[in-house]
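Have a look at this one before I ask anything.
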Amino acid sequence: MSEVVLRVEDLRTSFFTRVGEFKAVDGVSFYVKEGETFGLVGESACGKSVTALSLLRLLPEPAGKIVGGKITLDGIDLMTLDKKEMREIRGKKISMILQDPMTSLNPVYTVGDQIGEAVRLHQQLHDNMVEDEVISALRLLRIPAPEQRVHDYPFQMSGGMRQRVVGSIAMSCRPRLLIADEPTTALDATIQAQYIALFKDIQKQTGVAIIFITHDFGVVANICHRVAVMYAGSIVETAPTSIIFKAPIHPYTSALIHSVPHLDRRDDRLYSIEGQPPSLLNLPPGCRFAPRCPEVMDICHKEQPPTVEISDGHSVSCWRVK
Amino acid sequence: MLEKDSDSETAAKPVISGLSLQARVLRKLTFIIPVIILSLIILMAIFADLAWLGLPDVRLAPFDPEKISMRDRLMPPFWAEEGSTDHLLGTDKMGRDILSRLIFGARISLSVSLLVILITSFIGTVLGILGGYLGGRTEAFLMRITDISLAFPPILVAMLLAVSMGPSFTTVVLAISLLGWAPYARLIRGETLRLREIDFVAQARIIGASPFRIMLKHIFPNIINPLIIVMTLQIGLLIITEASLSFLGVGIPPPAPSWGNMVNDGRNLVDTAWWISTFPGIAIALVVLSGNFLGDWLRDKLDPRLRQL
Amino acid sequence: MVRFILIRLLQSVIALVGIAILIFVMVRVSGDPALMLATATSTEEDIQQIRVNLGLDKSIPEQFGIFVTDVIKGDMGESLFKKKPVTELIGAALPNSLKLIFPSWVVAMLGAFLLGVLGATRRDGFLDNGVKFIAILGQALPGFWVAIVAVYIFSVSWQLLPTSGLGGPSHYVLPVLTLAFFLMPGMMRLVRSSMLDVLDSEYIKLARIKGLPERIVIWKHALRNALIAPLTVAGVLFAMLITGAVIVETVFSWPGIGFIIVEGVLARDFPLVQAIVIMVAVFVLGINLLVDIAYAYIDPQIRYQKS
Amino acid sequence: MTELLLEGRDLKKHYPVTKGLLQRTIGWVRAIDGISFTIEQGKTLSLVGESGAGKTTVAKAVLLLERLTSGHILFEGNDVYNFSKSDLKTRYRPSVQSVQQNPWSSMNPRMRVRDIIAEPLVVNTTKTKQETRQRVLELLDQVGLAPNQADYYPHEFSGGQRQRIAVARALALNPRLVVLDEPVSALDVSIRAQIMNLLKDLQEQYNLSYLVIAHNLATVRFMSHSVAIMYLGQIVEYGDAEDVFTQPLHPYTRALMSASLLTLPEDEDQSISPIILSGEMPSPLNPPPGCRFHTRCAEAMEICSKEEPELRTVGNHQVRCHVHEDPGVHPESS
């Protein structure tokens, strides 16, 4: 049983603004094992990206604050670290890939500089050693002709290639945990398939644990081993990927799966969930999905459902599940 | 290159402005104080005297601003020993009452600024939108004018006009407006270029709306914010320009009181009669400060994207 | 890259011709210099005679033709009052102006960049509000008033610095600081906002994710990108200072371009005014071109696109 | 055969690439290079492809936002470029409307919803204020929005609701063809389903035809009657949607489908092994010689890099690929 790299317990993150407190993440718990890809799935403004930023403690000052919960990486509680110690974790133990390759790289520095910077910072290598590390990071992401590409500027590369460079930066210091925040959303279908296949291979080679954030179920099916479905700041269901697709229990999860059009058959009408996601400013009491849930009961409007462990690795928070 | 047809959700993320309480109070003040100061000065300018109502001798100002009385010349403000309460802020070297001149000066300085703002913003907006939306020759012509306006500060233009047409109110207004519309045109053209690429303008073309209708109904309403912000910021700048012209002797001709030439009057008496230059200087600073604070507040309220103005 | 420079050069020449025509007409329209030259006793014929030998009797387009041919020959005409070739007068005044403008520009730019960046990085902190206040104050207080007060305090009452004129280093302190104080706010505001935009970008977020200390994120990654827009304005500001420093030169009677142009205008010495405006225009447009080229070297994307 | 509404014949759009002092054109970006298609009344044709395929250029050509380099667009049989100004204003423009991708930028933020929806009527018809107001309320109801929402501004609506407003605006003039440029790709999954159902209902109710631009194959299968797969400015496979999706012939179509299919990790081995394309999308400035896909195609043959294949009928739909030509026989023109 590969050991747990990251464990998050009851994480709460809020944004304190003029108009009130936005509870972006409201009690999220999960764990990620070595060599495992854990999916964080949900619609926009459900709190998945904020969860990622909280792990790196990079929330926008002064509004964003972690108000509760524990984050342990290889046994170290990240909340107890000071700014300097946390900086040593970032880029070395935990690294991250952002969504839009067109803006993730600094336009005025070469690709080689930007990768070398991370290597030099975290590995204290001699200059000529840094060059080799940079080339090997580019080669890890299978970027053709790395020796020339090192001197290119980001604008000379396609979107897909830039996202690989961002991947090289992330993997250059062999992190324990890689957070990928919608890395393939801005890419075309075939390039996206290439990128996913590449990262599955990298995971096999390096055993890095991956948290994959996305709203696209096709990507989830292709790369994730276990998935957590988020809605309005909390996790409604966590399960191995095949169970999520074949036997989802939480009404929101099954509704989402049904509303995705299938390529392998022609549907006449798509199942669609009525209404809108709630505003994070004044969250309704009780279960957040209650106002839109087809199987809602009285209690759902009053109290938040507890998280029930159904089988190994499959937990749901819904009053219908005892 | 990569077309933006990714399916990333673009739900409007909640606008998070983490201003602390102290910053919020400060921001509120930057609106209230300037509005009070500006309205006071505008009222002062309007009611300086009621000549425009046909009652020339009824006036807010204690004295006729141009009445010379050598007897009580160079009198300090009332709180100084030889100062007296009937000339609250003292008198200049020709015995004219500083307070009255300040009040009438407000009328001149404000009217110059407001008139110039109206002229320059109108020309700048029309040419900016035409240049930005239609492109081609209008845009090329516009860009050359803005190049020229860089080498021609208003002070130089004003001097030439003042000398040729003789310094007067209209000369000053004309001098500043001649090239004063260029910054407006440049800003509005930039905004129009940006708006022209956004989908709703293409949508208007699809339903067959004419270019004129698009410029009027779609482009213009969306450039009002930056326009208002620049106009407020211009208040201060214009008052200083008018004052500088008068200071150099090419602005409003004496004896008419303008804050600029009042500062000029006391220029070499700074050690003996400091108040002659100081009070108009303070008046100018107050109005300009209020204009700038109001402009900043408006920009943050209306369109934070335009921080660089 | 060459194509880009040639096009910009062409645009500048068009603008220059526009300026030459504009100033030529405005000066001619601005009253009759012959009257100024005529003494109280000179009769109508004498005045007419002065006009003839100044060539003022010909039509304006004709005069412009003569003027252009002279310029090509390097002769920009003679000052009516100083009886010296205009180029000589300008030759004397320009260095003085530069001696004032260059230090003021450097002081203002350094101050603006430093305070702008610090203001942006400690948003709404004490420093940021302080910086904003100086910025607004600088733009609010009229230049000439600040100059007079400064002269009064530093030279008159404290006798520390000379009241005016050119001379040893102590003569520079007041005029340079006054001009810089007036110049700095606008630039500071621009640097601050450009910095704030860059700090919101994704690649800065990625730089922090890499674990870089905040100071490297700001001074290495953010600054270079944030420099691009303000630098172009800084270039233009320097060029505009030539005539913009009129007030400071008048208050401190600093014998620069601004000073002699005021004299020239008041005395309707149109050959001098004409020459100055055109020289200044060449200077301004030249600096604009240099700024555009420098712009390309800072932002590699433009360098590649242009070549 | 239902009457043909719109036909594209050999559409081409080339952008000049200029260099040097005198703006000499040294090359051409062939955004679309010989696109032909037909749309029948009441039916949906989808153009599918990745970025750079040229699908948006086709949409812009149909909407007359861009002029073609060559080729003809026939509306009810006659060439649109021969239409007089008044014909365009009265016959073509009112019958061809569009819904664009980004709900946040396709509406003037300074206009109330009532005026946004009414604008097509104000510009093209002489209806009175009262008639227009009545028509707007009708349209709001058809797209599932409440009458009182007519007075709100766009920023007061969610993404899904804004797309509904855009659809209402497109229906205002009772168009016969609506160009849907990535109509749902900027929306959340659950909201997407609502809008796709709405579009399908409106098609049945008003016998509307749709020209859909999309890159998500599953959405296309749900919406389309016929589909054209595009790669680098050319159609590589074209036919009835069910035929193309059940027996994809062109290697690129198969790769696209493999990349979009939901294959769970453990099912991977049974179903067809996933096709992962190598290399990157070539630049449209100098597309590869012969078949434009040969540089990334696993089944590329000798001929593929030399001769450009013809778009020919194979089985029940058309494909442009040498693999599907009978060896030796000269491919008869389709």
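We call the chains A, B, C and D, going by the order they appear; numbering starts again at 1 in every chain.
To be clear about the criterion, a contact is a pair of C-beta atoms (placed from the backbone, for glycine too) under 8 Å apart; a residue touches a chain by one contact, two chains touch by 3 or more.
Since this is a predicted model, take the numbers as computed values, not measurements.
K.L.:
Quickly list, by label, the chains bordering both chain C and chain D.
P.N.:
Chains that touch both chain C and chain D, as defined above, are A, B.
K.L.:
Can you check which chain pair, B-D or B-C, has more C-beta pairs in contact?
P.N.:
The comparison resolves to B-C.
K.L.:
What whole-number Å value describes the gap between the mean CA coordinates of chain A and chain B?
P.N.:
51
K.L.:
Whole-Å distance, chain B centre to chain C centre, using C-alpha means?
P.N.:
22
K.L.:
Which integer distance in Å separates the CA centroid of chain A from that of chain D?
P.N.:
About 32 Å, centre to centre.
K.L.:
Going through chain B residue by residue, note those that touch at least 2 other chains and give them in order.
P.N.:
Chain B, residues with two or more chain partners: 1-2, 6-11, 19-20.
K.L.:
Find every residue in chain D that makes contact with two or more other chains and list them.
P.N.:
51, 158, 188, 215-216
K.L.:
Residues of chain C touching 2+ other chains?
P.N.:
Chain C, residues with two or more chain partners: not present.
K.L.:
Give every residue of chain A touching chain C within the complex, in rising order.
P.N.:
Counting only chain A, the residues touching chain C are 56, 58, 87-92, 95-96, 98, 100, 103-109, 117-118, 121-122, 153, 155-156, 166, 169.
K.L.:
Which part of chain C faces chain B closely enough to touch in the complex?
P.N.:
11-12, 14-15, 18-19, 22-23, 26-27, 29-31, 124, 129, 132, 136-137, 139-145, 148-149, 151-152, 156-157, 189-190, 192-194, 196-197, 229, 236, 239-240, 243-244, 246-247, 250, 261-262, 265-266, 268, 273, 277, 280-281, 284-285, 288
K.L.:
Residue numbers of chain D touching chain B in their complex, please.
P.N.:
51-52, 56, 63, 65, 88-89, 93-94, 96-98, 100-111, 119-120, 123-124, 155, 158-159, 169, 173, 182, 185-188, 215-216
K.L.:
Given the complex with chain A, which residues does chain C contribute to the contact?
P.N.:
That would be residues 201-203, 205-213, 221, 224-225, 298-301, 304 of chain C.
K.L.:
Sort out for me which residues of chain B touch chain C in the complex.
P.N.:
Interface residues on the chain B side: 19-20, 23, 26, 143-145, 147-148, 150-153, 155-157, 159-161, 163-165, 236-237, 240, 243-244, 247-250, 260, 263-264, 267, 270-271, 274, 277-278, 281, 284-285, 288-289, 292-293, 296, 307-308.
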